[in-house]
């Protein structure tokens, strides 16, 4: 039984078939890539996985348990973390607070603790703060901890998104175009960082990307989605030489 | 049964007045996604314009007649339209790109400003709306009466609504207005003069409310500057009931509200009459926020 | 010796300060009744009864304003029903004190009255919240307005609490000391909430609800929590209001009252606790200052100036006076 299973999932909105019979099997501890031309439905799959849309047909199972019908926050609490294609940071909160917010569901201090600032409260706040700072260090942005997130340069915002998602201590990390808009140096740096995080924490990562260099370099297995359907899956070599993939990408992308 | 018919007539008359006001709410919401809180006061100013027009412009001793009534209605429509346009230009237009809550609060502020400003200018005590319509009761038999007020209300609102219907569905302006209510940005991009269309929308909506103000004054002659508050709120609720942003919905909602209010007051008790409108508001918003004709898709959180 | 919890220490300090304040403001004679929970009956204090009353109103307005800020500024929920909860609290407390505890000592009346007021308000807040908080934006505002008006109309029709005539002869034990102590406690509580994880969750929801959802935060649960806390505090404010005026009329609790509190938040700055306090201060003092003008000209310009100020601020300085910032002692950093 794979760690995350998407079984014959289809999603239709009023006549538009966003996804058709998509089947994914993600094994634990592997870095996967999800590629495809624009509009193929990649982010949509993420949205189904995280509970924003229920699939019209099919199932999504995490460690054997069906996620269909669960609300996004429940799915997040089960250990699926996600970043967004168009950055969705809490702009007015500081960088540190953004990451700390992900610890909400795993914290236990009660109202009484908060209001009276008991030892319990202080202890937990300290721990959350410490863990959050560690995540910022991993992403290399710990010096910006007190800066409001909205004031960060683009590249660092992308890193913050990842740090925040890691705050959930996820077993599955979904990264939606983490390198979009980054220059080649930043992209290289991020590529290594993602691989390092994945190996260090031994988590499963599913990565949507348009930057083929990044994908081919670090993804151990790649799924290719075209117009809502999976047309190929396999290692980088397999995918690069697949006829249908080449057809779909002719003229598009780098 | 006769009671029922009488209540129905009364309810339809009340509903027609609500409809004229509700149309303004719904049209402005359609183009600006704004609940124009000040609309109730535009209705009130219509009533007062009618009052002062009759008192100071018409020669003393003018006999009540349909002609006089029409003149007063037109005067009120102009007065309200002018006010509506001033509010749009100075209070709402600067906030076109601001967050929703800012415009909402401004609208509330304008509403209060007009209420208390009205008290300052017109005096807080109620005044009597002059008699401009010859009052006669027509006995339809079986204790059912139809009075000239009600006939005027029915006729006038019918005519105005037909004109509006034509404007909205058969003219270029109407098409532009509907385009804007679908998407302001797209409308801009395809060359619609958005400011002008919004401007005209306010004129029409406010004029209708002004007419309603006079009709209200004729039916309920004791008027004061706070009169726009409750009827305004009810007309808004009627628009929500029908589906805010939907013109046909506004009329249907208003008629339904007018009828149910009259039935409740007639058969149950008049104390809870006002509460009915709020109960309807809550039920609609909680169960079917899009209203009966559900035009705008309400995004569930 | 173990160090006392810092919070209890702060409250103790203010408690003593409140006693002293009341003592000094209301009369230099030491009278059991002059302690925290009764209005001074002999005016030998530093300020006149008029200013005393204004300060009491200020205290209550601060409590109302910061409790709305929790909902509006911190969680991003635009509601227009705050007056309704204030009304529930006021009438509940007055009823309980007058009908159930008429002969109990002031101290008991105050504690029981305000706790019941808050609890009932919170309960009703819970019911309303659970049904309405799925809505957002203007719709939430309209629904809360509707509920507030229904509450008011229902109270108007209950003869036992005076109906249209209003409720009179309510024991007036809320004095300056107790009101200011309440204000301090409430501000402290809300600050602590904001600085803790609940506050972070609320702000996250306000900033980007979808993202907060993705980070494991249950938006509806947090919104309901905020709504219940806010209603509880509004109810307590209502209770202190009832026992300071001595007289209640449903006319006080119309939508205009809700709007006044919204105005306090907006003028001060929507995301700011300090702003809520500042706004309460300005909107309490301004009408009183204008009363002088009213005395001279005979015209009540207060509501007009209120409304104009709101409009101008929305157009010219929409972030309010404090914007997002806080005074030093209220800042979380």
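Chains here go by letter, A, B and C, matching the order in which they are written, and residues are numbered from 1 within each.
Please note the rule applied: a residue touches a chain if its C-beta (ideal position, glycine included) is under 8 Å from a C-beta of that chain, and two chains touch if they have at least 3 such contacts.
None of the values given here were measured: they were computed from a predicted structure.
If each chain is drawn as a node and touching chains are joined, the picture is a simple open line. Ranked by how close its mean Cα position lies to the mean of all protein Cα atoms, the top chain is C. A centroid comparison over C-alpha atoms places A as the chain most distant from chain C.
Separation between the centroids of chain A and chain C, computed from CA atoms only, is 43 Å. Chain B and chain C have CA centres that are 35 Å apart. In this assembly, the C-alpha centroid of chain A lies 51 Å from the C-alpha centroid of chain B. For chain C, the set of residues touching two or more other chains reads 219. Per the touch definition, chain C reaches chain A in the complex via residues 5-8, 189, 192-193, 196-198, 200-201, 203-204, 207-208, 210-219, 271, 324, 333.
Within the complex formed with chain C, the residues of chain B that make contact are 35, 91, 94-95, 98-106, 108-110, 112-113, 115-117, 119-120, 240, 271-272, 274-275, 278-279, 281-282, 285-286, 289, 298-301.
Touching chain B in their complex are the following residues of chain C: 78, 131-132, 134-139, 141-143, 146-147, 149-150, 153-154, 157, 209, 219-220, 256, 259, 262-263, 266, 270, 299-301, 303-304, 306-308, 310-311, 314-315, 318. Contact residues on chain A toward chain C in their complex (touch as defined above): 50, 52, 71-73, 76-77, 81-82, 84, 88-93, 97, 100-107, 109, 111, 113-118, 121, 125, 128, 146, 164-165, 167-168.
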